[in-house]
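Both complexes below contain chain A, partnered by chain B and then by chain C.
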Partner chain A sequence: MTDRIAALKSRPLLTPFNIFAAIILVIGAFLTFKRFTQGIGAVSNLTDTHPWGIWIGFDLLTGVALAAGGYVTSAAVHIFGKKEYHSAIRPAILTGFLGYSLVVFALLYDVGRPWKLPYPFLVSQGVTSVMFEVGACVMLYLTVLFLEFSPAALEWLGLSKIRKTVVRLTMLLTILGVILSTLHQSSLGALFLLAPSKLHPLWYSPYLPIFFFVSSIAAGLSMVIFESTMAHKKFEIYMDDRHKQEYNPVAFGFGRAAALVLAAYFACKVFGIALDNNWRFLFTGWGAWFLFELSGFVLLPCFMYSIGVRDRNPKVIRAASVITVLGIMLNRLNVSVIAFNYHVPADERYFPSIMEIGITLFIITIGILVYRFIVTRMPVLYKHPDYEDVH
Partner chain B sequence: MEGIHTLQEFMFQTKGIIYILAVGYLLGFVWFWRFLKMDKKREQ
Partner chain C sequence: MGITRRSFLGWLTGAAGVATGAKTVEAAHGHFNGYPDSYAILHDTTLCIGCRSCEAACNTVNNLPKPEKSFKDLTVLDEKRRTTPHAFTVVNKYTDPHTGKITYRKDQCNHCQEPACASACFVGAFKKTPEGSVQYDASVCVGCRYCQIACPFNIPTFDFDDAFTPKITKCTMCQPRIEKGQLPGCVEACPMEALTFGKRSDLVEIARERIRKYPQRYIDHIYGMDEMGGTNWLYITETPFEQVGMRTDLGVTPAPEFTSGALSIVPMIIGLWPVLLGGLYVINKRRDEIDEHEKEEAVKTAIENANNGGKEGRHDR
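Now for the complex of A and B:
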């Protein structure tokens, strides 16, 4: 414990990362001011033809998929009884909580009148809309993640009585988390069922909700491995022995699960092509891009996970997790931006402005800084000494 | 009158390709499961 406090106090303020982050925050603050005083058009290339850009394709769709580690890990430990992965729960839930918080934060930039975000719940309930379902689930799941993570914050604050009450709700919160995630991960795919003529047939499928849900499980598993790798590199001093001991077993267990899920996802995609009889599109330029995504970011990591698990090689598993995370980004961008409006002439196609990318970087930087603030203070990578023997 | 003229039309309209893929996938999955479990056998 004293080592951790000493490490926290001895951290220099002027590091290359801190300086880089500060520059991005200053630029981001300026862009935020511009966005909210001059409107979306002043900072983005969004048009009526392309109303959804990288704020939706990357910040929202990718953010939600990569935040799936929270429900995947808590379901593995609390529902499937995989207690050997217990040390992965808090980092995974923290990543999920921050991921969803930033999704909502990013949405404030993308929605024309963000102050009206509560309207669908308070003023005019559009209960037949998929968008309503997504919004309701994200709002409820963000609350669930907040409650799931709160024991760490309460331990830090020394509020043991409230912590005890919240810990009693663990199983209920886990079940709610799985239900809500299943609903909205798939519903995000269902959003694109509205646009069968706009999305390229290789990515459009009546089974898009299934694709989104299955791929979110692979994304969640991979993100837990990736996040633990980064935490091990940067915050090892804050880890207790249990976290260090479970570092590789978590990678092997989650790697095996990710291999199976990626294999299932690949099968789902092939079934999708077969059911829609889209084979002919595979021999076009778009087909080459589709095959690149499927072979490079689904089959390859699936193969790498399998080899890594069989040969007990954590490096291969960690490399596969990075490829899978990149693959999820590519898939969500393909569905929402790249293969969307594919028939529009090249000069009218959407490409994000430098300011849109700047705001996305700003949001990611905030996420990293908040993550660092929390793991260096709260018992995320170690057990609080006052709660060593309790769950 | 529309009819089935090619193997591809036959496979698509009868969903034959789906059954073939399903059987292939089930066989592949069994093999894949065994492949992933090989590390435990090695340890034993």
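Now for the complex of A and C:
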């Protein structure tokens, strides 16, 4: 414990990362001002034909998928009884909670009238909309994640009574989390069911909700591995022995699960092509791009995970997790931006502006800084000494 | 916010319909054929001369800002245009690459019978009126632009340059004028009668009659009759529809049907998941308990054996 406090106090302020982060924050503040005084058009390349860009494709769709580690890990430990991965829960819940918070934060930039975001629930309910379901589930799940993460904050603050009450809810929150995640992870795919004429047939499928849900599990598993790899590099001093001991076993266990889920996802995608008889599109330019996504970012990491688990090679597993995370990003961008409006002439197509990318980087940077603030202070990577033995 | 029985049912069913609870019931029984006495507009492109009078009238009637180039300036037609926040309707010129024949077509909201925008909107800002138009209510709009994603005709536009009250804009079919017994602005202004306003059912008859009378002049299809479940703006033309920028691959399925299946799964997940997940939890817990119990038993037996072994030597063997 004293080591950790000493480590925290001795952290230098002027590291290259901190300077880089500070620059991004300053630029981000400027872009935020511009966005909220001059409108979305002043900072983005969004148009009436391409109303959704990277703020939806990356910040929202990819963000939610990558934040799936929270429900996947708590389900694995609490429901499937994989107690040996207990040390993975708190970092995963933290990543999930931050991920969803940032998604909502990013939405404030993307929607035209962010102050009206409570309207769908309080003023005028559009229950026929998939977006309504997404909104309701994300809002509820953010609350669940907040409660799931709160014991760490409460231990840090020394509020043991409230902590005890919240911990009693663990099972309920876990089940609620899985239900809500099943619903909105799939609904994000279902959003695009409404636009069969705009999304390329290779990506459009009546099974889009299932594709999104299954791939979110792979994304969640991979993100836990990826996040723990990064944490191990940067914050090892804050880890307790159990966390260090479970470092590789978590990678093996989650890697094995990811291999299976990716294999299932691959099969689902092939069935999707078969059931709509879309084989002919595979031999076009779009087909090549589709096969690139499917072989490079689904099949390849699936094999890498399998080999990594068989050969007990954590390096291969960690590499596979990075590829899977990139693959999820590519898939979500394909569905929402790249293969969307595929028939629009090349010169009218959307490419994000530098300012749009700047705002996205700004949001990611905030996420990393908050993550660092929390893991260097709260019992996330280690057990709080007062609660060593309690569950 | 007060949950009524109807809104509760809406939650439960995921609501396949667009507008009201009654609509949901109707959809469950079969095909919705649009409001019976709804109005529509028939656009006969063979009569259109590309004079932009309709655009000018639309601009005046809706109090839109005057464009840089006057409506009399026909060079505007050289460029392909789409609707904008300041132009609810645009006329485009299409030249046949082989014959050089020119066709003009007016573009605006087609006022779908079961609008994609309405089924997309999570605040219910779009409403299909029994008169036939699709109305938008800016006061509840969050500005998420899902309606723009959903619209198969790429019609709704958004004020990307307005930071404070950006809203969606689109043709209203001149609903306020219809209510006053007036013709929509564009229809009234058209000097060629390329636009006809009337009951949708009557317009379908008129269109059929024209096609029957002049089979060499028209393609035997009324666009909007069934496209996306049917629209309240109908088109007949001499030029193949694809050549005048109209998609012929939209199909006849009304937009709400694309998502109703996915939405209907929601209550099933809510019903089944707790039992499934709770069951898994109980099974795993029980397995752990049995393991624990067996371990204890094994330890106990081992200790007993060891004790017995101490007393009785090699008797066991």
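Of note:
In the analysis below, the second predicted complex is superposed on the first by the 391 of 391 C-alpha atoms of A that agree within 3 Å, B and C clash if a C-alpha of one lies under 4 Å from a C-alpha of the other, contacts with A are read in each partner's own complex, and residues count from 1 in each chain.
FYI, a residue touches a chain if its C-beta (ideal position, glycine included) is under 8 Å from a C-beta of that chain, and two chains touch if they have at least 3 such contacts.
Since the structure is predicted, the reported quantities are computational estimates derived from the model, not experimental observations.
Once the two complexes are overlaid on the shared chain, A:24 sits clear of chain B and of chain C alike. By the touch criterion defined above, A:311 reaches chain B but does not reach chain C.
Contacts of A:68 after superposition on the shared chain: neither chain B nor chain C is touched.
In the superposition on chain A, contact is made by A:52 with chain C only, not with chain B.
By the touch criterion stated above, A:275 is placed in contact with chain B alone, chain C being left untouched.
The larger set of touched chain A residues comes from C, when the choice is between chain B and chain C. Chain A contributes residues 256, 259-260, 263, 267, 270-271, 274-275, 277, 279, 306, 309-312 to its touches with chain B in the complex. Chain B makes touch with chain A in their complex at residues 8, 12, 15, 17-18, 21, 25, 28-29, 32-33, 35-36, 38-39.
Taken in their complex, chain A has these residues touching chain C: 35-42, 44, 46-49, 51-52, 75, 78-81, 110-114, 116-117, 119-133, 135, 171, 174-175, 178-179, 182-183, 186-187, 190-198, 206, 209. For chain C in complex with chain A, the residues that touch the partner chain are 1, 7, 10-11, 14-18, 82-84, 116, 118-125, 140-146, 148-150, 152, 154, 156-163, 165-167, 247, 249-251, 255-256, 258-259, 261-263, 265-266, 269-270, 273-274, 277-278, 280-281, 284-285, 287-288.
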